[in-house]
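Quick heads-up: structures coming right below.
Shared between the two complexes below is chain A, which pairs with chain B and chain C, respectively.
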Partner chain A sequence: MGPLIPNGIIGEGWDFVIAILIGIAFGFILEASGFSSSRNLAGVFYGYNFVVLRVFFTALIVAMVGLMYFDYFGWLDLSKIFILPTYLGPMIVGGIIMGFGFIIGGYCPGTSFTGIAIGKLDALFFTVGLYLGIMGFSLAFPLFEGFYNSGSMGNITLTELTGIPAPYFAMAFTVVALAAFWGTMFIEKRVRKNMKQYKF
Partner chain B sequence: MNRNYIFLTILMLVLAGGTLFLSMNDEPDQIDPKVLLEEMIQPTRYVSTDQVAKMLIQGDPSLMLIDVRSEDDYSYYTLPGAVNIPLDSLLVNGNLSYLGMPGTKVVFVSNDDIKADQMWVLTKRLGYNSTYVLKGGINCWMQTIIEPQRPSDDAPAVDFETYTFRKGAQMYFTGAGSGESEATKVDVEVRRREKSNVAAGGC
Partner chain C sequence: MSTDKAVNGQPKYINPYLGGVLLGLLILATVFVTGRGIGASGAIKSAVVTTSNTVAPSATQSNAYMGKFVSDDHSPMYTWLVFESLGVLLGGLLSGLIFGRVGKFRTDNGPQITSKKRWILAIIGGALFGLGSQFGRGCTSGAALSGTATFALGGVIVMFGIFGTGYIIAYFFRKLWI
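Right after this comes the complex of A and B.
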């Protein structure tokens, strides 16, 4: 049956409508999970709040396992799904930059908008910086265009790369995620014990 | 410890473990090459024109004739009730849904049995059972059913039985050239009985 738009079950004009609906749901979940607070987000780095890790890991394993069952039941053809192309080197560098920005600024791009939505000043400044950064990147793009496009591995998945069937990865990720949930719970408890005050 | 967390952890583990047992194989089922070869050298896939004629006359609902020739040939002549699936369009427009129905015998028909044989191999490789090939195809159908040859006088009685059946089948399928039997020549006299009590007017 799915994916719905490539299979013509939903017309192509609907993709923006669906994008808006999913965007609203995403923003709602971010805000409801407390992601509009930069203290919450940066807490992962300092070890007093792992809600980011829990929310995103939960989303990841539920979606991952769910997709596999959908594929098995014939509701979704996984071979037709768009897979983001992998650029190994640039992605590692980009990840490091993003991680620094995350700790320093206390937001990632999506959560900064939820921060603005509830009127946080730091989120507002973060977003202004975000746009300045985008502009700076665009202007300086010719300088690192070569690196930006280097190391392309195409639309590859771990299964194609290693030959190990997808369910093994799913199982491994789920075990790691669940272990992380329980492990971080203990870290949180120990770190919070030494904190004088903890406010979102 | 929150009880819900423990429950959700176990649920997630079970679900993820369940994926290990899902078959993620999108390849169509294929018959084992050894089995395919064994079946290919067996003549059991052939059905004779006589058998098909008999099933058609009896109106056997389990018979499914599939004409594998081109559409032009199909519209020019085909066997009664045959469906046209040309050899090159087996996989289009849901044509596969004609195959693999439980309790149905699919018989492939072509001019001789070469194309029908090819179709048979294709469907076998896709894992369909109970598919057959009309031995000799439509050429043989013409020679045996539509224009049966009278066996020589010293032929065994079985040949005459077959001939009689074919003659009957010929009548059934063509409705022509059958010759009038003696029975039709008998004049039927209709004798009207005099009405014994004629209504004689009035009450």
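Right after this comes the complex of A and C.
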């Protein structure tokens, strides 16, 4: 049955209407969870607010396990869904650069849009920075082109890489997530005791 | 004063695990309907290509990177992620209105830095994030979250890259936040 649009069950004309609706739901969830504040987001790295870890890992395991069930019931043809291609070196470097961007800038792209929506100037400047960074990358692309295309492994999944079936990975992520939820509860309590100026 | 209290007092956020379940279901629904996950940085890339294509069309089309995203029959803004990101703005605004967080322009910064310094750092951080997202083939939503949820190796790499780096360098940037 699914994916509905690639399988022609929902016409291509609905694509952009669906895009806006999904975006609205995405923005609403991010903002309502507190992701429109850079101080809430940065808290995950300093132990005073683990909301990022809770939302991110819960979403991850719900989506992973959900996909397993959809596949099991025959509702979704997993061979037809998009698998992000892997470029080993560039993705490691990209991840590291984004890590710096997150700590220094306090947002990531999606969360900065919701920050702008409620009037956060730091979110606006972050988005200006995003624009400048991507513009800089595009203009300087000839310098990076060789590296950018290096380490290509195709649209590879963890299962294809290791031979371990996907449900085992879903299980492992779930166990790690639950342990992290439990452990960070205590860390957060301790760190918050010593923070007076931050309102939760 | 009352608006300031709504903004700076006790923020009424939803339970993070509820937020996570909703976000996970949204990703599931998105993959079920469209065959792929959600994203964010792609919309800014479209804006960059559009600006460049308006200012210098021939240079843009011959640029080995931007040229891929230019087409004769529609603007580079006419992409799925641009519409989705407009939705993110609307959804953020809707939630902000419901929970009383929409207010005049303001800045979140740690107690040890000024707002102005925070703006400069936000631009630098944003630029780094933008740059990194091109090498990473997506950001926290497109690569780390949607990628990992679909068991893509690249998604896992980007996820560990972002958060691993964050934890390693957090100590050196602690004055920005605590």
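Observations on the structure shown:
Everything below uses one rule, namely that the second predicted complex is superposed on the first by the 199 of 200 C-alpha atoms of A that agree within 3 Å, B and C clash if a C-alpha of one lies under 4 Å from a C-alpha of the other, contacts with A are read in each partner's own complex, and residues count from 1 in each chain.
Convention: contacts are C-beta pairs under 8 Å (C-beta built on N, C-alpha and C of every residue); 3 or more make two chains touch, one makes a residue touch a chain.
Keep in mind that what you see is a predicted model, and the values were worked out from it rather than measured.
Look at chain A after the overlay: chain B and chain C fit there side by side. Touch criterion met: A:P165 reaches chain B, while chain C stays clear of it.
Contacts of A:I61 after superposition on the shared chain: both chain B and chain C are touched.
Shared-chain residue A:V176: touches no atom of chain B or chain C.
Once the two complexes are laid over each other on the shared chain, residue contacts for A:Y72 go to chain B alone; chain C is not touched. Contacts of A:I187 after superposition on the shared chain: neither chain B nor chain C is touched. Once the two structures are superposed, chain B and chain C can be ranked by residues of chain A touched, with C on top. Of all Cα pairs spanning chain B and chain C in the superposition, the closest are 8 Å apart.
Residues 61-62, 166, 173, 181 of chain A touch chain B in one complex and chain C in the other. Those residues of chain B that touch chain A in the shared complex are 5, 9, 12-13, 15-20, 22-24, 26. Looking at the complex, you find that chain A touches chain B at residues 61-62, 65, 68-69, 71-72, 79, 165-168, 170-171, 173-175, 178, 181-182. Against chain A, the residues of chain C that register as touching in their complex are 8-11, 13-14, 16-17, 19-41, 43-45, 47-49, 51-52, 63-66, 80-81, 83-96, 98-99, 101-111, 115, 118-143, 145-170, 173-174, 176-178.
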